[in-house]
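In the two assemblies presented below, chain A is common to both, partnered first by chain B and then by chain C.
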Partner chain A sequence: MRSSTSYNLWLIAPAALMVGLFFLYPLFFSLYSAITTDEGGLTLAHLEKAFELYSNDILFTIIIVLASVVLLAILSISIAALITLSPFRSIVSLLGFIYRIPLFIPFIVTAQMMRTFLAKNGLMNNAFIASGMLTPLETVSFLGWSGIIIVFVWKQLAFCTLLITGAMAALDESQIRAARNLGASRIRILFQIMLPQITPTIGVAMILSTVTIMSVLSVPLMIGTGTPTMMATDMAFRINSYGDYHVANALGLVSYLICAGLAWFYLHQSLKEKGAI
Partner chain B sequence: MLTKTKIIALASIGLTQFSGYVQAETTLNVVSAGGQNMVDYVKTYLAPKFEASHPGVKINIVGTGPGDAGSHKILEKLSAQKNSGLEHWDVDVAVVHQKIGGEMVADGLLAKYRSDIKTGTLVTRDSAENALGVDVNGYVMPMFHSQTAIAYNSDFIKTPPKSYDELVKWTQDNPKAFGYNGIKNGMSGVSFVTGWIYAYGTEAATLSSAPYNKDIATSWDKAFSELKAFNKNITFTPGNAGTLDMLNRGEIFMGPVWVDMFYSWKDQGKIPPSMKLSLIAPGMPGQPMYYVTPIKAENAQLAREFIEMATSPDIQAEGIVKRFNWYPGIDAQHVQGNLDKATWTKLFAEITPNDLSQYGKSFPIAPYFDDIKEGYERKVSN
Partner chain C sequence: MVNSIKYQTPLLRTFLLNKMRTSFWIQCIFILLLAFALFGPITNLLIWTVAETWYFPHALPSEWGFKYWHQVFNPYSDVSGSLMTSIFIAVLTVIVCLLVSVPAGYALSKRSMPFRAFWMLLFLIPQAFPNLTVYINIARIFYDFGLNGTLLGVVLVHSVHGLMFSVWISVAAFSSTDPMLERASRNLGAGPVYTFFHIILPQAMPGIIASCIFVFLESLDEFTGTFFVGAPDITTLPLLLYTASMEGNYQIASITALILLIPSIGFMIIINKFMKPEMLSKIGK
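Showing the complex of A and B:
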């Protein structure tokens, strides 16, 4: 029995070593660097500096993330519901094909596309002007906070819709059929039968999107202009311009905490629903 | 007899193959900071020329990315190799920005090679001796100089501003028509802000030379609050290329750009001929890129020969000035003879050599530079 336990431990050793070396070590190293001086003493100076210089940017990041996630939830649930419940199968299969396209386009390409699309004299405004809906003086540039949200929602929409459509498709078909036989409308089926059962999947999609959005550097750099800006830009600037890893890691610590806060909220909610708390 | 010939033929073929193999073993590792155009320059222009004159040598070029970040990666790699006590470092030639070049010399990472190469005497300008306060004499050869200036649309602006004061007035009369990229999205914005401090904070001569006096930075509060007010009248652009994009689309009519990028875009037809440049008083900073070779480079002699070729007058004329619209790294008079008149005058068409000597400034020494950037973050953008 003993020998089989140690044998099993040897089996997981390579995977555990890899996780430790490439995930846990860098994570803890960066957390350590955020709260220590070059000599190794504990300090809060880096965190203080991060908040002193970048508190507006931290707030801006949180607002951008929340706005994007709310829009994502509304849009991806609508698309998924249309795909699952619509009676027009041929349009649905076309929709099913189109919504997946952003999955295959990297963030940096999206940012570059949107840069020419959303600019004041860009493709979108020129199309409005050509169609007579706007005059050149009425056009507005979307390069800035609104552009950043548009890019994030556009890019993450496919991913969230894919997860949510999958969860909806996995629901027991007989429940929906039974509801329909009893005369429930499609909206009612969506809100009272489907959504309550797939809340965990929606939560996962939103949290994964939050983490992705927080980590993208190319979009705030290419679409965002001026200040405030997102934290990823500040972290890159601290390292590239000052060689200052401490404050960059302090900002990293703040973003870990934001993501951890969301994860805690989600876990807490799902445990509560299962009656564990 | 026939068999013998065959054997000899086969043997000679075998030998040539073998010797080819042996010769190709020498690889000269060139690492370059800067944009993709820098990597392409070495790969498509310098490498074929050098490989032709040095049979059996192969050049391996690696790019580390634009801005100080790219140079910083090279510094970190060399420091790591030094700290681990390696006998030979795997970088033979590096192309780095001015600021990091100085840091590398201060850290003892570079070889003092300029007196070993023939072209070493062709450069006399200040940036070959002093890198933002660090004495780099003998350790570096400038590859080229780049300069920032204000680009403007001459269809709309007949008399461009000649100084920061005139520019401020112009932006008050034409709100949102001037654009720059702040300090986090590219060096042309950093350069504009540095010029602002030269104009309203402390003059360039003091900030660009050692020693560092910590008190000077505290006197910039007024300059920063004026810059904050100025920022309300302008448009922010996404990056160096973003400024040129917006100029091209007519969203802004004026903005700071790198001169070489401006001329290259103009050559490629990406911005209209009506765009012109103006270098405003008291001046805007520019910087050189340096060729350096690490103190423990594996192919030290080849590295010197490579840099000698790259800084020779004909390569500087053809490769640096004509291809890239950069100002030459070696003194201009050595290059002039190798250039046709049209190319020469184009380079100095809007910014005359006189403007350049009067208003072409250096970046400040590293601690002042950090003070300017952090002051901007603290007092202007916060």
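Showing the complex of A and C:
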């Protein structure tokens, strides 16, 4: 038994070593670099500098992430609820096909699509003008904060809906049937029976989306124009223009903290609901 | 719902039918809006690939044609070169991921594996942190080893990123194999290596192919890691798309985007065939 265990450990070793060397090591290195000087002493100077230079961008990033996540939650729960509860099967199968489309479209392709679609003279505004809803003078460019949110929601919607629909489908059907027989409306079934049971999945979907949103560089570079901008752009700028790893890593540390903060909030809420706190 | 309506009084029945009709139309409008929101940008991309001139205030291009397609598929163009680099990197990434994740997936599919949850989490970590900061630091470390701007450097970065897919899906694939067949093979005198390659691996093959497809697509579409580790020496399709788009060359950027979409959509169909529901249910277990 002992020999087979160590044999299995050898099988995992190469993959684990790769994650360790090429992910964990740079990760710890970034944390270390964010809070130490070149000589190796502890310092908060890099974090202070990051806040001094980029506090607007940090706030902007938090707002973008929160707005995207809230929109994602509302839209993906609506679509999932429609798929699970709608009595019209033809609508459901059509919806089930449509919402998955962005799942396999890369972020950079999405950014390029939106860059031309949302521009002041892009197809979206052109369509509004052609339909008479807007005049050419009234059009506005969505490239900026609203464009960034639109891209993130557009791209992540399929992933979140897939997770939430899966969780809804896995619920005990007899409960829903019982509620229906007792005369509960579909809306009431959704809010009082289904949503409370799938909160963990919704939380996971939103946290994973937050991590994704914080990691994407192409979208703020291609859609965001002007200032403020997202932290990802600032990090790339610090590295490419100044080679300033300390401040870039300090911003990285802030981005970890934002994700960790959201994860903490979620865990805290779910523990509170269970009566643990 | 329809059945229950049959047994109601006539007045109530009319009311319920009307209510159903209204909700039907509301749902139709919702789907229509969603379809517009999803297909609008895609249509826009497709139009840009065949637009030769498209200036404000024209709602649609004033000249259509394939001029830019000829430019893209010219053997000396940047696009065909980057396409080759992208595919080469993606194939190498799949090979590296396969080499490390097939043994790891097999070992982790055994429930008796000590600290199994810890190992599974370890492979999840690259997806659980915002990885932009990590890429910056990998680039710095690679620079010291002379790996920056090399194919090997880019392949390593892509492999770590794809490892979560390949390990987790491999574990699920090996978990769905029949342990009795393995035991029977060993009882009949076959060695562990022979059993693995002739009995276990063929059963897990559909899942492993699916994991390869995921890794291939991830590598093909990866931008941030390549941006820091590969640029400017290695140009993959996403990097080229980015440069073309920032230079305002929307036709080239859109055609490149379309080329990136083709494998994604093609593989989505293949994955639907390979990914069996019973194997999907084993993911993460």
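Everything below uses one rule, namely that the second predicted complex is superposed on the first by the 254 of 277 C-alpha atoms of A that agree within 3 Å, B and C clash if a C-alpha of one lies under 4 Å from a C-alpha of the other, contacts with A are read in each partner's own complex, and residues count from 1 in each chain.
Quick note on the criterion: a residue touches a chain if its C-beta (ideal position, glycine included) is under 8 Å from a C-beta of that chain, and two chains touch if they have at least 3 such contacts.
Because the structure is a prediction, the values reported are computed rather than measured.
*Asks:* With the two complexes overlaid on their shared chain, look at chain A and say whether chain B and chain C clash or fit.
*Replies:* After superposition on chain A, which the two structures share, chain B runs into chain C.
*Asks:* Can A:I239 be said to touch chain B (first), chain C (second), both, or neither?
*Replies:* both
*Asks:* Contact-wise, after the overlay, does A:S215 reach chain B, chain C, both or neither (first, second, both, neither)?
*Replies:* Only chain C; A:S215 stays clear of chain B.
*Asks:* Just chain B (first), just chain C (second), both, or neither: which does A:G224 touch?
*Replies:* first
*Asks:* Figure out whether A:F51 sits in contact with chain B (first) or chain C (second), or with both, or with neither.
*Replies:* neither
*Asks:* Answer with first, second, both or neither: which of chain B and chain C does A:P106 touch in the superposed model?
*Replies:* After superposition on chain A, A:P106 lies in contact with chain C alone.
*Asks:* With the two complexes superposed on chain A, say which partner A:I129 touches: chain B (first), chain C (second), both, or neither.
*Replies:* In the superposition, A:I129 touches chain C alone.
*Asks:* Which partner does A:L143 reach: the first (chain B), the second (chain C), both, or neither?
*Replies:* Touch status of A:L143: first partner only.
*Asks:* Would you mind checking which one, chain B or chain C, touches more residues on chain A?
*Replies:* After superposing on chain A, more of chain A is contacted by C.
*Asks:* Identify the partner contact of A:N121: answer first if only chain B is touched, second if only chain C is, both if each is, neither if none is.
*Replies:* In the superposition, A:N121 touches chain B and chain C alike.
*Asks:* Identify the residues of chain A that lie in both the chain B contact region and the chain C contact region.
*Replies:* 115-116, 120-122, 221-222, 236, 239
*Asks:* Within their complex, state which residues of chain C touch chain A.
*Replies:* 1-2, 20, 24, 27-28, 30-31, 34-35, 37-45, 47-48, 56-60, 99-101, 103-104, 106-108, 110, 112-114, 119, 122-123, 125-141, 156-157, 159-160, 163, 167, 217, 220-221, 223-224, 227-228, 238, 241-242, 245-246, 250, 253-254, 257, 260-261, 264-265, 267-268
*Asks:* Over in the complex, which chain B residues touch chain A? Could you list them?
*Replies:* Residues 67-69, 72, 181-185, 231, 235-239, 242, 245-246, 249-251, 370, 373-374, 377-378, 381-382.
*Asks:* Under the definition above, what is the set of chain A residues touching chain B in their complex?
*Replies:* Against chain B, the touching part of chain A is residues 52-53, 56, 115-116, 119-122, 141, 143, 221-229, 233-234, 236-237, 239-243.
*Asks:* Mind pulling up the chain A residues that touch chain C in the complex?
*Replies:* 5, 8-9, 11-12, 14-16, 18-19, 22-27, 29-30, 33, 78-79, 82, 86-88, 91, 94-95, 98-99, 101-117, 120-124, 126-127, 129-130, 136, 154, 208, 211, 214-218, 221-222, 232, 235-236, 239, 245, 248-249, 251-253, 255-256, 259
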